[in-house]
Amino acid sequence: MADSSLDGVAELDLDRGSRRGYPEAIYCEGKTPEQVRAIARRLAEAYASGETSGTALFTRASVEHAAAVVAELPDALHDEMARLVVWPPEPPTPTGELVVILCAGTSDLPVAQEAAVTARHLGRPVELVVDVGVAGIHRVLARRELIDRAGALVVVAGMDGALASVVAGLARAPVVAVPTSVGYGAAFGGIAPLLTMLNACAPGVGVVNIDNGYGGGHLAAQIAAR
Amino acid sequence: MADSSLDGVAELDLDRGSRRGYPEAIYCEGKTPEQVRAIARRLAEAYASGETSGTALFTRASVEHAAAVVAELPDALHDEMARLVVWPPEPPTPTGELVVILCAGTSDLPVAQEAAVTARHLGRPVELVVDVGVAGIHRVLARRELIDRAGALVVVAGMDGALASVVAGLARAPVVAVPTSVGYGAAFGGIAPLLTMLNACAPGVGVVNIDNGYGGGHLAAQIAAR
Amino acid sequence: MADSSLDGVAELDLDRGSRRGYPEAIYCEGKTPEQVRAIARRLAEAYASGETSGTALFTRASVEHAAAVVAELPDALHDEMARLVVWPPEPPTPTGELVVILCAGTSDLPVAQEAAVTARHLGRPVELVVDVGVAGIHRVLARRELIDRAGALVVVAGMDGALASVVAGLARAPVVAVPTSVGYGAAFGGIAPLLTMLNACAPGVGVVNIDNGYGGGHLAAQIAAR
Amino acid sequence: MADSSLDGVAELDLDRGSRRGYPEAIYCEGKTPEQVRAIARRLAEAYASGETSGTALFTRASVEHAAAVVAELPDALHDEMARLVVWPPEPPTPTGELVVILCAGTSDLPVAQEAAVTARHLGRPVELVVDVGVAGIHRVLARRELIDRAGALVVVAGMDGALASVVAGLARAPVVAVPTSVGYGAAFGGIAPLLTMLNACAPGVGVVNIDNGYGGGHLAAQIAAR
Amino acid sequence: MADSSLDGVAELDLDRGSRRGYPEAIYCEGKTPEQVRAIARRLAEAYASGETSGTALFTRASVEHAAAVVAELPDALHDEMARLVVWPPEPPTPTGELVVILCAGTSDLPVAQEAAVTARHLGRPVELVVDVGVAGIHRVLARRELIDRAGALVVVAGMDGALASVVAGLARAPVVAVPTSVGYGAAFGGIAPLLTMLNACAPGVGVVNIDNGYGGGHLAAQIAAR
Amino acid sequence: MADSSLDGVAELDLDRGSRRGYPEAIYCEGKTPEQVRAIARRLAEAYASGETSGTALFTRASVEHAAAVVAELPDALHDEMARLVVWPPEPPTPTGELVVILCAGTSDLPVAQEAAVTARHLGRPVELVVDVGVAGIHRVLARRELIDRAGALVVVAGMDGALASVVAGLARAPVVAVPTSVGYGAAFGGIAPLLTMLNACAPGVGVVNIDNGYGGGHLAAQIAAR
Amino acid sequence: MADSSLDGVAELDLDRGSRRGYPEAIYCEGKTPEQVRAIARRLAEAYASGETSGTALFTRASVEHAAAVVAELPDALHDEMARLVVWPPEPPTPTGELVVILCAGTSDLPVAQEAAVTARHLGRPVELVVDVGVAGIHRVLARRELIDRAGALVVVAGMDGALASVVAGLARAPVVAVPTSVGYGAAFGGIAPLLTMLNACAPGVGVVNIDNGYGGGHLAAQIAAR
Amino acid sequence: MADSSLDGVAELDLDRGSRRGYPEAIYCEGKTPEQVRAIARRLAEAYASGETSGTALFTRASVEHAAAVVAELPDALHDEMARLVVWPPEPPTPTGELVVILCAGTSDLPVAQEAAVTARHLGRPVELVVDVGVAGIHRVLARRELIDRAGALVVVAGMDGALASVVAGLARAPVVAVPTSVGYGAAFGGIAPLLTMLNACAPGVGVVNIDNGYGGGHLAAQIAAR
């Protein structure tokens, strides 16, 4: 059992790499910086002792969380827009098929960036395209060649979330849809695009949680793995 | 005052034609066929006496409601798919701009038909196009010329409701969006397309109630009146 | 293709004016001031080079967003109450029919003002009337002459949102209803007036998103264009 | 203790008349006709023995429930539209102030009738007016004299529920608002008018449950008691 | 017409006192202190000129709003807990029946206090009892004599909102129920007690909006007027 | 492994008795009578071969489901009101503490009966009291002695669900609260009492699913086991 | 353009096979049997003329819909449990990786079967395992070898929907989660498992619509294609 | 009557200890520090005069609330993470069965700690295990011996809330489930795990309010009392 107790605070799942083949992820929201730092220290020790290898992602990291990680893992990469801290800082050499991330508007960019960083650190080649909302459908159509090259697509959109349906109608590869909380009142913090995506009239769309760029990038990287 | 009491059952608003310029509408759901027949009789009398002129629409009419109307207004038109009974049966000669009705899928057709009949009997020229969902975006794009000719558009869609955003991004004319209750579980009886349409990322979309083809056709006819 | 890339941040739709006949709008919420400034700079260049002409609206602009725009487009108009920045600052000479904006209460005024500025900069003559809630129905009735003159009406209301039904029952012109998030607990951030307006018992009402004054003004300007 | 056991099926609250001054009410929905009949028999015995006096109301009674009551209380009054069975069949001589019931549309009539029968059997004079929706606001205004005479008003409305706000803005007496489940999709079985009424912009409105004509008539009768 | 324009900001309804018999109320939330001050100034002028008489209530007043009112109406009463500013500061001599306000917990006190101040300034005698939640049912039962004396009751409760049902089962007088937003997560900002109160198994309960102490006190004062 | 395959239809968990100490339960809703009969046959074989012993409960059983079970287990007990089929038909000799089931109204009786049968067949002594809603609080108080004797209480209530709070305020033993779908519109199929119970102002209440009498009886039997 | 008009009823997207590489699907709910038959006839002609090749799926087909299809395509396969009609009846020779479908309970079987048939007719090898809910976690763990062999997994579950999280924590392959509408009241027609799956604490889960076995099987087949 | 008035602010229920056998609890949220201090003073006097004995818990206490309590009860224990202030500071000597608290993730720890402190001060032995989410199911299975020893279990989980189902499937003792508001958008502040837990496919789960660690610990302590 390679689980690793942290004095009643957390129990790392260091087997996860071998069991599922993917990095350890630490969800920072709701944790104190002290708790996050203790986890980073435990990871540093585990890597040092050879107990584990591979990547760790700290998601939903505030500036304070990031500082706590860097105090223990000094070369960790902090992507502030994506609210991610990644260690080691360099992504692995890309393998598998291309992950294409389509972001409906600039306001959705932080979530799209979280997906892009995640997919890259899971080892996939990634291309990110911004501001291709369906209000100007020609912008989407102009990306058809890129869509055709993808092994997995991530569509990040708030408001009406309609981009997922349009892309799924064009693509051969599976679409991972990430609704965002961007929008006016009746977007209801992301419920509107969430429902749009769940009801996409084209098949081939799998939906993840609102604003969950990490989850979207992870699933796309798994799909494009082979 | 041309209001017309019906023995504690209903009070017709016969001034409406002159006040608002549009037909009397009788919402049948929740009324007994006897009540609907009494209303039809009152209308027949009012037309006979010259108290009023112009069209009457019986909406959400079951087969029983329709029979009750026809018993009093024998030449009334019953469009079963649209659940409408209209009298007089012939629409007026079309005036104003073209109303284009775009229907995402065949399952949405009854609502689209209700909109089409309503707009025609309010005096507008109407064209209805079926099965132009965004899952095959080329179907929508193939209608660009028709979209450009419209003075008002009605988009009828269930499921993801994404058609409204795409059309509004293409059109110069206002779009009236009618969500339908067509779809799987998380369409929630039309909530999903309703929210999509309220959150359309392109401006120029006004939304009416779920499955309210009558309301959609009415509003479009008003917009295209001039 | 007149789309204009902004280094992975945004892609302006400069064709929009010719395609749809309406101004470019930039939704600022969720964008950094730096991103907004980059967009303003790109617009300035496009206008300078003759790539585009016509109006640009920056919606949901904070004070910081506004400063960023003004840094690039110094004579832009910042309407703080409406949270709008508009360029060029002068609206075009009014054409088309009158847009009448009825605002139920003073607390709804920022949204109504957003609608008014938008409609004016889309080129319509506009009149704005404040504090005509249905709790004092004589205030609404006192505006009948104005209502009759309108080519399109915008009703802005929170709480019970009942003004939309009453106005639609009086008006010949289409009503654009804008629910606001004003009100006590069970207004649920605008859901209560949103539902009221979707269920308006008078036909002729098209609803836009909660607090979406921009959308309401835009749709009314389109309706009153001819 | 005048509670009266019914073999593990129900326990009548025969003190209620003296304690609260109002009739016993038996909610029939979810009870078998046999259970309802057993309750009717127990009531018949209690009246016969002088244990209690005064009225009993069987609410939400199906035709089968009604037959079960009549089998034990043969002269009971069954109002099918209101789904009420009342015993004794004659209301008491009216006392207290006038209860005015305003019903927005004919489809709301069953609920309004339930309120009217309830208030009459609680001993109040009652007037019921049908089809005074706000889409034709002159219909409401035409009732101002009646509204002024009321000691309590009941407003019964589905769809937008806007009638409650308008009436409360006109009336000196308290308004009891009863939302109904009448309407298109986004009325959501009465949620729309329920929210409208809770958010009435005029004070003086107390709301009861959706379609609860019994509750509305009861509360109005209490208010108008003195 | 005694309506009084405020330069496009608000339109006071000075007839309201004579029309409905109750004070003018100004809802402050969403208004700027400047707007509130302008309204207070207009009121001061109207009183000075004899255009109106009687009480004015400024509800949902922040400290800044209160200061703005006091700047124009120096002797106005500011009840900070109730978020009310009242002018004139002295309530009228009490007439009508007793209004009893029952408050489930101390955390509900601000809303209960808002109801109490409102009812007093509408001219009713008021008694307020705090901390009588149903978790200790003997506390409620100990108030039976007071409950029997009431002409109207106001029940203010968050969390389970069960107090309304229990009190209505004991009382002869109507109960006005005011749900509050007090409570743990699944109270959902007052939805839980709102629903409890709408579903009260005892008749005689009218519900007002969440946290709407003003509305609750107003309705109770109307009921107890005679 | 004592799991027992059923040709791709179901896999019985025959170890459950020894693992958790409680009976096997088969949820019938959504299963065909043929599938239920196959399960009953497999159980009959397992009991015959000594693979398992102890009770089996078929929950949510329609009349058709019940017939299918009885075809294989002829002496099984079918409680139609509770929609339960139990085998063997005799409950075990009671052990543990008393389970008291309090049912707010007669319409809640099917759910209360389901709880009672379940708890009895899990081996507990059970008492069921009907029609003790809080609208007549003296009915609840009259049961104080019984409440004091309980080792676990089950409160079954629809509408306002307030009984759970009142009982928890009186009882020393834990309360299992079962909301029912009984009630008018805004009970929303049991959401109202569900929320009331989750927000009970007295601690000591654990809530189970709407109409889940089986779950309520099961949990109470576990609590009262010792 | 190989779109094929059907007299204003539907427009087949016969290019879809070449564009997206997947079969045409016809959603039958809301269509009349006559409309479905017309579509089947058009398909038969298109296949006959060589306009298209490959599979067609009629989803959500009632018995009447199925008969309408078979009238035109006599050898079509009707899977009644899955509510699917497939033509041609034989699935293609399996290619790609294994799709493993895990079904939490027997009541979820129709949805799981719809996923299985869909994936098979998209050309994947499929294994379906029934009744592996997390209440007996050893049943899931007993399938680890099968889970390890999958190229894509489909988890079909109602009620708590917890199976998706557990499987995703064990699997290397992506998980497609299909919530079902099976369960007691607070499952809310599938909302409960839908939310559980969207909130799966293990990454690698993509969610489709409630009861959408077709969508789940389609997405899994796409993922496992290579 | 040992109720103790606090000048219209609160009424302590000092009989509660004898009546229900559990400590007094003061919910601090929504109370001012002054109100909380007055309550603490009243408690100090009651203890001094022998009017009451035993523990008092101040729940949802901010730092300011805690300071107010300590000013009157200087040796009170303030657990900041749990937001609890307890007096007297030492828990009683443990009696009854073991309460085992399982916490899915570190972010859920504050709620779990609130449950642990509560159960300890109600007199039960407690063990708290952190970070045993179902994403690594082996972590849960590794605790089977501890689960078997429990007299009551508390499962604290946000996001998917799936831990409750898994634990209930393993345990003989009742499970108290506490959903937390931890998670991404579609966790909806705890609604997702709340629904999961109410729909647990294993019986034996009683659910308390979102983030209500106090309620969870209290109920578990009652269950494990004997």
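Which chain is which? They are A, B, C, D, E, F, G and H, in the order written, and residues in each are numbered from 1.
Methods note: a residue touches a chain if its C-beta (ideal position, glycine included) is under 8 Å from a C-beta of that chain, and two chains touch if they have at least 3 such contacts.
If you're wondering where the values come from, they're calculated on a predicted model, not measured in any experiment.
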item: Common touching chains of subunit G and subunit F; value: H
item: Subunit H reached from subunit E - shortest hop count over touching chains; value: 1
item: Farthest chain (mean CA position) relative to subunit D; value: A
item: Most distant chain from subunit E, judged by the mean position of its C-alpha atoms; value: G
item: Size of the rotation, in steps of 5 degrees, that lays the CA trace of subunit A over subunit E; value: 180
item: Same or different contact residues where subunit G meets its copy subunit B, judged by the half mark; value: different
item: Selected interface, B-C versus A-H, where C-beta contact pairs are more numerous; value: B-C
item: Length of the line joining the C-alpha centres of subunit E and subunit F, rounded to whole Å; value: 44
item: Centre distance in Å when subunit B and subunit F are each reduced to the mean of their C-alpha atoms; value: 49
item: Averaged-CA centre spacing for the pair subunit H and subunit F, given as whole angstrom; value: 27
item: Whole-Å gap between the CA centroids of subunit B and subunit D; value: 35
item: Junction residues of subunit F - those touching two or more other chains; value: 105, 135-136, 169-170, 183-184, 186-187, 191, 194, 198-199, 209, 215
item: Inter-chain touch pairs (all); value: A-B, A-C, A-G, A-H, B-C, B-D, B-G, C-D, C-E, D-E, D-F, E-F, E-H, F-G, F-H, G-H
item: Subunit B to subunit D touching residues, read off their complex; value: 1, 3, 6, 8-11, 13, 15-16, 27, 29-31, 35, 179, 181, 189-191, 194, 209-212, 215
item: Contact footprint of subunit B on subunit D as seen in their complex; value: 105-109, 128, 130-132, 135-136, 138-139, 142, 182-187
item: Subunit H-touching residues of subunit F, taken from the complex the two chains share; value: 19-22, 25, 97, 151, 169-174, 176, 194, 198-199, 203-209, 214-215, 218-219, 222-223, 226
item: Residues of subunit F defined as touching subunit E within the complex; value: 104-105, 133-137, 140-141, 159-162, 164-166, 168-170, 183-184, 186-188, 191-193, 195-202
